[in-house]
Amino acid sequence: MGLLDKKYHDSNIIIVSLESALNWARKSSLWYEQFGLACCAIEMMATAASDYDFDRFGIIPRSSPRQADVMIVAGTVTMKMASRIERLYEQMSEPRYVISMGSCSNSGGPYWEHGYHVLKGVDKVIPVDVYVPGCPPRPEALLEGFLKLQERISNETIIEPRETEQESTEEEKEPIEVE
Amino acid sequence: MALLIFATLPLLLIVGYALFAIWLERKVSAHIQDRLGPMRVGGWHGWAQTIADMLKLIQKEDIIPTNASRFLFKSAPFVLFAASYAAFSVIPFSSAYIGSSINIGVFYLLAVTSLLTLSVIMGAWASNNKWSLLGGMRTAAQMVSYEVPTIMSVLSVLVVAGSLNLMTISEMQTGNDILGFLPNWLIFQNPFLIVAFIIFFISIVAESHRVPFDLPESESELVAGFQTEYSGMRWGIFMLAEYADMLLLSLLGAVLFFGGWASPFGSYLSGPVWGFIWFMLKGLLFVFVMMWMRWTLPRYRVDQLMEICWTILIPVSFINFVLIALWEMTF
Amino acid sequence: MTTEEITEYLNREYGGNLDPTYAEAGDSWITVSPSVLREVAKTLRDDKNLQFNNLMCLSGIHYQKENELGVAYHLHSTIHDHKLVMKVRVPEDNPVVPSVESLWKTANWHEREAYDLVGITFRGHPGLLRILTPQDWEGHPLRKDYEQQESYRNVSTGI
Amino acid sequence: MAPVTSPQPAAIENRTMTINMGPQHPSTHGVLRLEVTVDGEVVTKVKPDIGYLHRCFEKYAESLGDYAKVVPYTDRIDYVSALHQEMGYVIAVEKLLELEVPERVEYMRVILAELQRIASHLLGIGTFGLDLGAFTPFLYCFIERENILRILEKVSGARLLYNYLCVGGLMRDIPTDFTSDTWEFVTSFRPKIKELNDLLTTNSIFIDRTANIGVLPAEVALNYSASGPMLRGSGVSWDLRKNDPYSIYDRFEFNVPVGQGEMGTVGDCWDRYIVRVREMEESLKIIEQALDQMPGEGDVKEAVPRRIRSKEGEVYVRTETPRGELGYYIISEKSGPYRIKARTPSFVNLSILPAISKGALVADLVAIVGSIDIVLGGVDR
Amino acid sequence: MVQTLKKSWTTFKTIFTGMGVTMRHLLQPSVTLRYPEERDELPSGARSKLFVHIDDCIGCKLCERACPVNCIAIETVQATKDVDLGKTSTGNPKRFWITTFNIDMSKCMYCDMCVPPCPTECISMVPEYEYSEYDRNNLLFQFSELSADKVTEVKEKAEKEQEEKQRKKKEAARKKKAQKADQTSKAKQKNSEG
């Protein structure tokens, strides 16, 4: 690495301003894949509804994972569902983020002890960016989770991309899986 | 060089308009639903929201499904956008600005817009996805069917106007002569043209697949219809084209029925610049009504959609055509 | 009619020897043997004075102490507005109970659930598959001696 | 199953295509998976695949070994009408213990249950409209629902899963402004129902989409032991609040709306829908009467030991939730619950789906699923 | 034909009625709460986050027992006789060192069942709902204020005392046994005599 590189590695004006513009775009337009699973899904709907209004932040739902940027895992993930979640996550296009909403998807929640059919935390199958606590979280709490995610996005850099645990795998034929 | 500027101007206009229309749609829907809509991005009422969306879509990974037909999949959005862009070339934006004042303008426009159907089917089939295919099939059936009442109502206008050139049609609608105060718009010239306009409006709602005829992408049934597999900017182009299409058809309606760039106050507030403003206002009014309808109504089922077209709109438009011709002969 | 009256009626009309059981609290019930369950159920549904047209609930139970499995049928007649609890018990090693799916359609899913969670086989059921847990799940979770499997399709079920 | 674009002749000869709706599909109301065989767009066969939200409630109820601890888990069975789930369970345990609760508690339970019923129906109606493409009524319903949630939050401290009823009474005191808040809501809500009718119920597109669709005849409904609006939509006047009264429902005057086939056949989607709308009005009547009659002061909890012990025995108690008959079958041992089975209306009502959706279009299937108004938590427990 | 026209007329009419409703709403002010700028005041007793005034805790573990989820983990060590831990604000004497008091909010189901049993009202729900985290482990809240060194010290001390006690107990038991044996032998003697 040359001296010049070293000098401008962190503070290259062009890269930095481009970076901030791109980050701004990414964080301002977080379209979510509605992954309503259980109780939290109702609160997620309430957050999207008039009283709290996701749209103020530019957050709108997309029903196809291809066009979504962030997946809100809202509710209990069961063993039967785990593989589907993994698959839907793989179908999302990069850059993609995951918000785990509520105790159940954080760590199995109320069902962590005897819940034989409950996955103990969605982070066992997909990487999670923000954990929102609550059972179910208030709409404000979910919004705060989004603000946290925006904060995280605005700190991302082009030079060192975010580490993701999983490589983006081969695309699936169908968005909804067939047994 | 001048030609290039002349050609890119509508492109900028269309993209700018589409960004604005998407923002407007979100605001209108939000306020209809007692919400606020985009508020934070860019400051004042989230004006930069759609710009951020586009910038983000450019950054997104472009996924092409493994089993997709790659060439068709890749080219479908561009065909769609090219078709609606090309169609704008015969639209008379004002008395001084038109891409090409050809004398088969209406015919050209209808021909080019039928490419839209083709591109949708291309995208749907190439995706190799069942939902896409179902959406594509619906789109094809719907667009082909509604082409008939659209053309019938356009034909009725042409009978009155007596020209295929959109510039000529616009020019003949200037002035305020009907009953002494009404502008010379075609819709006031012949009472049956009101019926024709209603049929035209219903058909363009269906052609730009908006609620209550938004079956191709009906979220609750087909996930996202023919766009299910598209991601990133390719999908963004679909989105842009959809809004451009909406504007195109609205502007066509404005030219054919509401005097194009003609001012509603006769020679007052007319001229090329005012003409452009009046024209866009008329177009945007239709766009707004379409949005208003979208956020009010549920959607029809696919067979009901066809039934409306073939059992009501087409017969009525034929009868209406004959009546218009009769009226023209008598007066 | 109360459970007692229904039992009496059944014994009188059809010559059975049913005997209601009373617990310290709550409802009483009649126990029938699996071999006659279908006939009894059919009679209960079709007899003019009984007409139990509504199977409210069907539950599988594991009686660990007795090494038995049981099924409880909660019946109700919307015509005469009376209720009856009927039970059947089978040994743990051969838990076969005749299906009542053809009498009350609602039993279809209930029986699949009882098969899934408790492990009772219903003879004559049109498609006795697991319903809540995946098809390749191991064991019947509502048995008292159930042990959770370590992992399912390479995903650990533990914390 | 071959991909649709496969050039194999077998795929072309085969006229039907199997598509999967769900487990994550916009209109499945959660994680329901429907294996749909379609011929073009006509549905020839539907196979519901449930269990994607199986949260082991029954195992939990046995494992906790304490009647009181089960209450928050019952909330999560049907999270849209959590108070009804609690109420059914609490009444069942009280019956087992032969416990009488104070008058004030009974009134409070009824008012809360009816508020919750309105909230739940609003969600059901809203999502039904959403399935048919009407987005705006859904949000209007949510605005009203939010008003109810505000009252319930003030009472219980939570917005969705309340854990407010307990064996023998209520968890907390009733806030002082509860009555005035509820009155305010009741008066403001009546005009909103009319608005909803203008916007959705009488809309001709909506009627076209729902009338004569998914007709469920009364005999079939009874044979499948359907309940709630599903059964009443088929023209059977059966409401546990009237026919098998629990709590103090026998003290109130209200009607049981049934489907009359006003727009099509008796038992179609529109009938099931209108039953819900009319039930909201009846609930308002009950709330008004209960607010008038409720004693102003009194205990909110009967003395119950911290660790509840009951006699050996079993009960089956059923209550009327917004979705129909919720039954709790409790087998009790001296040490605690031995087996608790929840018979949920969603589970039973969903099992009818294959029977009534043959020959419908894909779009109709969406309407039918919406009109059943299932909650997947209730289906899978 | 008449039927169709009639139908079309009702369709138009109902569509316009519906559009009238939405237009009225379009002109109405919105109901939205602008969250980060505005906040609703939570009602008293809102259940959002558990908080423990560790100073007031007497280590009775009632909350741990009441929790259906088992998300509360408490470990206590009995204070040795030479230490006075003081009293809680409600006047209850404290007899235990609270070496661990962990609440895993990622498991908590916010049922509020741990709050009423507490005799000193030290555990309570606070109206704070904004604490989402990037890492799940941060949702484990540790309320015990004792340092690791202190814990080991306290434990050792308590063990020592416990041993002492055990020893004493054993001794006492032995003594008692001896006494008893003595007594029984005496009684036997008496019996045999009798």
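By letter and in written order, the chains are A, B, C, D and E; residue numbering begins at 1 in each of them.
The working rule: contacts are C-beta pairs under 8 Å (C-beta built on N, C-alpha and C of every residue); 3 or more make two chains touch, one makes a residue touch a chain.
The chain list, named the UniProt way, goes like this: A = NADH-quinone oxidoreductase subunit B; B = NADH-quinone oxidoreductase subunit H; C = NADH-quinone oxidoreductase subunit C; D = NADH-quinone oxidoreductase subunit D; E = NADH-quinone oxidoreductase subunit I.
Please read these numbers as outputs of a predicted model, since none were measured by experiment.
Placing every chain at the mean of its C-alpha atoms, the farthest one from subunit E is found to be B. Between the interfaces C-D and A-C, more contacting C-beta pairs are found at C-D.
When chain centres are defined as mean Cα coordinates, B lies farthest from subunit C. Taking the mean of each chain's C-alpha atoms, the chain whose centre lies closest to the overall C-alpha mean is D. One finds 61 Å separating the Cα centroids of subunit B and subunit E.
Computed centre separation for the pair subunit A/subunit D is 31 angstrom, with centres defined by C-alpha atoms. Multi-chain contact residues, meaning those touching two or more other chains, occur in subunit A at positions 50-51, 53, 56, 63, 80, 107-108, 110, 112-113, 116-117, 121, 135, 138, 173-174, 176. Each of residues 15, 18, 21-22, 25, 30-32, 34, 68, 109-110 in subunit E touches at least two other chains. Counting partner chains per residue, subunit D shows two or more touched chains at residues 3, 25-26, 51, 54, 56, 59, 72-73, 136, 139-140, 143, 161, 199-200, 203, 205. Chains touching one another, given as pairs, are A-B, A-C, A-D, A-E, B-D, B-E, C-D, D-E. For subunit B in complex with subunit A, the residues that touch the partner chain are 26, 30, 33-42, 46, 48-49, 51-56, 59-67, 128-131, 219, 223-224, 227-232, 235. Those residues of subunit C that touch subunit D in the shared complex are 23-27, 29, 53-57, 59, 61-62, 72, 74, 78, 81, 85, 104-106, 108-109, 113, 117, 130-134, 141-142, 144. Looking at the complex, you find that subunit C touches subunit A at residues 132-134, 141, 146, 148-149, 152-153, 155-159. Residue ranges on subunit D touching subunit C, taken from their complex, read 50-51, 54, 56, 58-59, 62, 95-98, 220, 222-225, 236, 238, 243-244, 310-316, 318, 325, 327, 329-332, 339, 341, 343, 347-348, 351, 355, 380-381.
By the touch rule above, subunit A contacts subunit E in their complex via residues 50-53, 56, 103, 106-110, 112-113, 121, 123, 128-135, 137-141, 143-145, 147-148, 152.
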